[in-house]
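I'd like to ask you about the structure that follows.
Going in written order, the chains are labelled A, B, C, D and E, and every chain counts its residues from 1.
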Amino acid sequence: MTPIDPVMEVAALPGYAPLLLLLPLIGFAFTAALGRRLGKMAHLVPLGAIVVTWALAMSLAIPALTGGLGEGGASMPLFTWIASGDLSFGLGLHVDALTGALLLVVTTVGALVHLYSVGYMSHDDSYWRFFAYLNLFMFSMLLLVLADNLLVVFAAWELVGLSSYLLIGFWYTKTAPGLAAKKAFITNRVGDVGFALGLMGLVVVFGSLDIHTVLAGVEAGALVGPAATVIALLIFCGAVGKSAQFPLHVWLPDAMEGPTPVSALIHAATMVNAGVYLVARMSPLFAASHDAMLIVAGIGIFTAIFAASIAFTQTDIKRVLAFSTLSQLGYMFAALGVGAWVPAIFHLITHGFFKGLLFLGSGSVIHAVDGEQEMTKMGGLWRKIPITYATMLVGTVAIAGLPPLAGFWSKDEILGEAFKFGFTWVWLVGMVVAGMTAFYMFRLMGLTFWGKSRVHDESHVHESPWTMTVPLIILAVPSIAIGAALGFPFANGILVGGLEPIFHPAIAMLAHEHEAWTLFGIDGLLMLASVTVASIGTVIGVRLFRDDNGAFLGGVTRRLQPLYDGSRNRWYFDDLNDLVFVRFGRKFANALWWFDRRVVDGTVNGVATLTSSGGRGLRQIQTGRVQNYALGIAFGLVAIAAAYLVLAG
Amino acid sequence: MSQIAGHLEPYLVLAGMLFAIGSFGFLARRNAISMLMSIELMLNAVNLAALAFGAFIPSLAGQGAAFALLIIAVAAAEATVGLAIVIAIFRNRKTPLVDEYDTMRQ
Amino acid sequence: MPLPDVIPFIGLGWSDVLFLLLSGVVLAAAFAVVFGRDIIKSGLFLILTLGALAGIYVMLGAAIVAGAQVLVYIGAISVLILFAIMLTQTKVAPVKLAFQTQVAPAALAAVLLAVLFGLAFGSTNWGSTVFTDTPAATGTAPVAAALFGPYLLAFEIASVLILAAVIGGLYLAMEPKADEVGEEAQ
Amino acid sequence: MSGVPILSLIIFVPLLGALGIALLPSSRPSVVRFAALATSLVTFVLSLGMLLGIRAQGGEFAFSEQLSWIPSFGITYHLGVDGLSGALVVLTTLLSWICILASFGPIQTRVKEYFISFLILETGMLGVFLSLDLFLFYIFWEIVLVPMYLIIGIWGGADRIYATIKFVLYTLVGSLLMLVAILATAFSHQAVTGSWAGAFDLIALRGTIVDPTLQILGFAAFALAFAIKVPMFPFHTWLPDAHVQAPTAGSVILAGVLLKLGGYGFIRFAIPLFPDGAHLFAPLMIVLSVIAIIYGALVAIVQTDLKKLIAYSSVSHMGFVTLGIFTFNQQGVDGAILQMLNHGLITSGLFLLVGIGYERTHDREIAKMGGWAVRTPVYAALFGFFLFASVGLPGLSGFAGEFLVLLGAFIANPMVAGAATFVMILAAVYLLYMYQRVFTGPLSPFLKGLGSHLTDVTPTEILTLAPLAAMIVVFGVMPTILTSLFAQSVQTFLMSAISTVGQ
Amino acid sequence: MNNDLLTLTPLITVIVGAMAVLVSDMITPNRNHAPVAVALAALGATAALLINQGGSSASALGGSYVAGPFVAFLGLLGISIVAITLLIAPAYLAVRKYPTAELAATLLFALAGAILLGAATDLVTLFVGLELMVIPGYVLAGYAKRDPLSTEGAVKYFLLGSFSSAILLFGIVVLWGVAGTASLSGIATTLASGNASAGLAVALALITTGSAFKIAAVPFHYWTPDAYQGSPTPITGYLSVGPKVGAFVLLIKLFVIALAPLAALWIPVMVVLAAATMTLGNLVALTQSNVKRMLAYSSIAHTGYLMVGIVAAGAGQAAGIAGVLFYTAAYAFMNLGAFAFLTALQGRPGATTQLSDLAGLGRKHPRMALLATIFLLSLTGIPPTAGFFAKTYVILAAVQAGGPATILAVIAVLNAAIAAFYYLRVIVYLFMRDPAEPAIQVAEGPMLRAGLLLAAVGTVALGLAPTPIIEAVVQALAK
């Protein structure tokens, strides 16, 4: 249990690094305390805090990604959090390329969502509360990515869960958000149990939860075999919960009950990526267990196709996006599973931007049609809200994986490496999913913007204020360019350069042979294939939904009724959960409750009644008649005499 | 030569019998006065035993009588109080049958 | 001619006969006391029992106790008893009035006790002297010696005891005054 | 400072206050109230002073006082404090004044008697924590019963008499057997050393009890007494009844301090005196603890009464305490003690909040509530805060204790930890399920019916909750404040807990 | 002889006091307080003499009376019992038009008997002393001679009492015959040498039965509830402690001293009796709705606890006797206190002592209720009261004795838990129920208050600072 010293030399973080955490925290505390009195001014402090945070974050992220901080990254110990005997868990900050990648997404999208919310939430009574929660989330999320100790990561893990709970349940006077919030928190907790147990395992093995100590230990081969598999999978449980992978995916679609900016920030761009981050961060641990990798890949790719198949038939605009998020996260896990760590993070970044964009766009749409989310009640909106339309189109193309937009680059790398590392099945499914993605995204576009309008009162439909459109436009930029920016030239763009060292140990452990990237070779073919699939999906989608041909669609639906219903009802998975956990769980708990009252407490009261009834029985011998008493005495005398004679022998 | 009267045991056995008879009377008779009589029988049995011991156990020579006299005195005192109590309750209850004095029970 | 000190054919001494006779009377009379239905007769039989016992006391050489027996019991106690009988005005009683319902178990208990005493006293070795005839009559001297020696205190206290009993008895037996009312409640 | 018998002061100031109050006219309840508050505040200040002094003083026990009391049996009036008892003492004095303040409104009948009982109760509890003489400890242990009996029985709810008698009898059965064990222990010491000197003295007795049967039976008797107090499954059923019937302050003290007496007893007396017995029984205790943890949580899910729900959550949370103690490793014990203190802060807060709600609604039926947050946002927020603390959210004090206990359990036996960790889910289930039904959604007809009576928290009420909330945050961020405070005690405990035959 | 008289002075003073009481009553008839005053004076004088005799042990009349710390302890205990009884009784008797003179005199006679019991060294004196203590008890039980219940109780008490006296006496005589001596210590030595014969076994059985009756041990307890319920409440108080103390002195002298060599025989029987006694007493008390009768049954239970001490003593633990003595003292104060409380509640003739009568007393008469609570807690055995320490003492002795005694100790504490239920139920009625209608009339008066206070002080003092008593007890045993 003696800690193993980190192998890589670590630089020191600049002194202002803690501000990344303090600013949002202060913003939260301030707004929570005084926001109520500030009315419509309540956003100033939180927004300011986040903007500054963004600037600071960039000043760290960019060097980190471009190797400016050195391979080991930079860190700064703060204070000991929990200490017991020879174990102590300290809070410290650490920034390296991986952190940088996350900072990039988190702070950028975060800042934009704050700005966006100024407009989106302007009519809400508890405006201030929303911004307070947002800052609390930013604090937690940044703590999660910056922490250098897994216990702190776990803490942040729970805190983002809390913020997510608070924001999903933001409109607490309605019933649905309350339920959704509860569901989200509890489902996450299921994963966290595994996470916690995994951490305990690590403590027992390494005597520390300091990330570098642990990883160094793993790389030194201190953890192998079943133990490695078990611990890796336990930690993966946490990721599955937070990143809403099958079977813990159920909370994410419901989470759409929260305000749309929240969906964009937490449930698309940042928090749900925490799982990916964690697995990537612990890459050597997973690399140490082949089985663990397989399971990660399996769950990832299954979630990808499973969610996509559901997204096909959803009519709530935000739910479609939610399922597509699941699907895309599945992609990332598949990538992590096959050992394509860099592409996974790459996809995390690109997805963060374009999914954020899509969600904010959908928010703008909903805003435009007075909170309507059913796409069946939209249509033909492109003229009314052109900016929203344009930006969302960008996002759609990006996610569909059509070159040269962001999605194409990351998705292509994932599929490519999956194939090259011999995970043909992952590759195949991935291709299919790529096509499906393109299809359902254009279905979304079609139902929302094209064809003739199904909005009941068109007069109200209006473009959103600049506070909302500006973020859309800003986000459109990375959705278009960041793929190329980070991913070109192929297989050794900036990102690869930055992240390679991070994953080097893991890659080394897996010993994947890496031959050079060849445009006119296997890589080119794979690229061609993925583009083709995406295009096919796109074409079908556009073709079917460009203008209403309900008749034809109805026909198809009818022919595939069972499949359609299954997909529409999320393959009945929530009903299964409800049956097994809620219904049976309640029955079981009630049984215990009965047991508690009747058996456990019953015994206690039983003893009491027994005693008193014994008393009632015994008092009968007091007949009130002297001679009965005397007879008792006489026989007592005889008995005692007999006893003595026996004892005396 | 005597076969019986010269030995201690017969007297004790006689005392035992008398004691048993007395206790039977005490247990079986309903009338308080009869019960008092039975008690007197029992006390006399004790007296007999005391005297017998006094007569046959060398170290107790002469003490038997003294003990017996004390017992008689005690018996007299008991009887006095006993009768007084009987009279008192008879005044309240108008019956000497003790098994009817069972207001207090359980 | 003097009597032979052993009765021919039976082999018992005269004292034995006397003892058997007296104990026979004692037991018989005692039975009569506890079984007789007429309480007055019971009283009289009690006197008989006590008288016979006095005889046995004499045989045990305790004439003084016999005397006290006659004086105290056959005098005082019997008189008290008769007095009580008058007071309670109970004449001959039918069996159900004379005897408890628990007569059978009572009999059982008594028999058990009798057997117990009989066996125990019979079988025990008391380390007692055996006399050719009845025990020698101890004069009054040793009794007095005992009473005014080791038992002096007991003797004095016995008088106090009787005093206390008399006081208490008087209090209880006295008629309540007119102005005093009864109560029934505890 | 060492000249002043500060521990005796701490113990008996409340008693003196009670006597003083007895002389006050019952016609002036407000005077009585403030007299009680003043007394408890003085005690609180004294205890804080003591806490600061502990570190300064060397040795295992600080400020110790020892006076001969019943020399014929070597029974002495022996007090002493270390980090562990010091922390618990401050918890007690803190909760005491909070409870007294919280009783200002609710208690309107027989005010004088109420506060007298309460101060006597405080004396009893403090005495238990500060006694180092088994006999003295037992006396305080029993004294605690009486005022609690009255507080539940006189100022309690409809079914109070059943509840209070159950509470007292249940506790008595355990403690009386403990008395026999105490005497047996003392006698064995006398038999070995030939003198009564130190026969009842904890420090003198530790490690001297060699007789194996006494080790086993003695531990069993002590453990029963403490298991009932904690309460461990299956001796817990008095708790829900007592909690539901007790007045708010009663529930707070019950959950905040009385349950801790059990855990403290294990650490201070049962295990150090009978390490062999402890090791023999440890597996059983661990199993029972895990059952309590899971079982309490599951049963809590289906409760329909707010107080009952929290009562069962206490069963679950206290299961962590016993689990941690019987891991016999640093993490487990550290965690157990943290858990005791934090449970004291958090659950007390929850009971206070339930009481505050009861003041408005005169009801605790979850089914009747709903959408409460609509009317009283601050109340709802505070409730949420304590609730998440109870869920064990990192950053709030609940987490550190639970994690360390689980870690300790994992080190001892991963299976056990695996089972116990599931309560992370269940705790979230029963608490959030309750919160969602009571506070979120549209305002329920029942609450609507209350109209203007459904006011938000008053400044006084906030004053009772603020200190708890503050400490929950502070100890959540820096639990090391506490762990370093009682580190020494834990070391000594682990030393004395080493079984002479166990290993 | 002169010396003897000096030694006997306490005894004589009590007896003379009794007569003086009667005389004073003749001089000033219908003056209820005069006799009490005289009696109290006599008690005071006796106490002074006893204290003066104190530790030094002297024997009189050829050793048939041995004064010393043991006698002093018992004497003072008896004096406090009688004194408290005399303080609480007059108010009760006055409203019911019963005289106090006979009460005072009778109590003093009984006290004389108790002192003699303590001082006796031979069977004969022991028996006479016992009778002198017991026979006045019959009178007292029937003291409310116009009250059918009182007389009924008296008849039962007397009949069973004299029956058992006969049994005990028979046993004593046979023992006397077997041992060939009346001296207790002499008996011990003879028995130690010889082996147990059938006759001896029977004697032992008779003695066990007789004394078990006197202490009201199951199954010889039947007289207790009826006699206690019937007697006038203050007198019940006396009966429940005075004769009980005496009876346990008898047990100590007969079993622990004279029959010690036969401990192997009688300990098992005592263990069974003790267990049965405490259990039955508590279980039945549990079902009583009349507080007075409940206390009667509870006194049976306390007999059981006291027997634990006897068993321990039989097993050779001096602490056993010490425990018994301490317990008797504690029990005297707390139980008399409880009955004094009931007496106060019966300010009106015809007032009952049902639990329901106590409802809500805590509001109307807080002080009275507080005192009652002290006595009840002490009876329950909650520290820091006399009752707690008494229980602890005998249990400690039992634990020391080990073997069956330890099991007995466990049974005892479990019983204590049962007992807690019915004692606490009284407190429930006092404080947790609404006042009963019509409200009961509480008797007042300085004497009553003094009696209550005396009992309360004793109860608390023996709990908080038991040391003096313990030392007195230990010294009393150092012979």
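Operating definition for what follows: a residue touches a chain if its C-beta (ideal position, glycine included) is under 8 Å from a C-beta of that chain, and two chains touch if they have at least 3 such contacts.
Bear in mind the structure is a predicted one, so any value in this text is a computation, not a measurement.
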Minimal step count in the chain contact network, chain A to chain E: 1
D-E against A-D, pair bridged by the larger set of C-beta contacts: A-D
Chain of greatest Cα-centre distance to chain C: A
Closest chain to the centre of mass proxy, which here is the mean CA position: D
Separation of chain B from chain C, taking each centre as the mean of its C-alpha atoms, in whole Å: 6
Gap in Å, rounded to a whole number, between the CA centres of chain B and chain A: 98
Chain C and chain D: spacing of chain centres that average the CA atoms, whole Å: 71
Intercentroid distance (Cα basis), chain E paired with chain B, Å: 27
Where chain C touches two or more other chains, by residue: 100, 102, 105-106, 109-110, 113, 116-117, 120-121, 126-127, 150-151, 154, 158, 161, 164-165, 168-169, 171-172, 176, 182
Sequence positions of chain D contacting 2 or more other chains: 169
Two or more partner chains touched - positions in chain B: 19, 22-23, 26-28, 30, 32, 52-53, 57-58, 63, 66-67, 70, 74, 77-78, 81, 84-86, 88, 91-92, 98-99, 101, 103-105
Each pair of chains that touches, named by its two labels: A-B, A-C, A-D, A-E, B-C, B-E, C-E, D-E
Chain A residues within the chain C interface of the complex: 627-628, 631, 634-635, 637-638, 641, 645
For the chain E and chain C complex, residues of the former touching the latter: 15, 18, 22, 60-62, 64-65, 96-97, 99, 102, 105-106, 109, 112-113, 116, 122, 124-125, 127-129, 131-132, 135-136, 138-139, 142, 144-150, 154, 177-178, 180, 182, 197-202, 229-230, 233, 290, 292, 349-353
Touching residues on chain C, where the partner in the complex is chain B: 5-6, 11-13, 15-16, 18-20, 23, 26-27, 30-31, 33-34, 39, 42-43, 46, 49-50, 53, 56-57, 59-62, 64-65, 68-69, 72-73, 76-77, 80-81, 83-85, 87-88, 90, 93, 97-100, 102-103, 105-107, 109-111, 113-114, 116-118, 120-122, 126-135, 138, 142-143, 145-147, 150-151, 154-155, 158-159, 161-162, 164-166, 168-173, 175-176, 182
Residues of chain E that touch chain D when the two form their complex: 363, 366, 377, 382-384, 388, 392, 395-396, 399-400, 406, 409-410, 413-414, 416-417, 420-421, 424-425, 427-428, 431-432, 466-467, 470-471, 474
For the chain D and chain E complex, residues of the former touching the latter: 69-73, 110, 113, 138-139, 142-143, 145-146, 149-150, 153-154, 160-161, 165, 168-169, 172-173, 176-177, 179-180, 183-184, 186-187
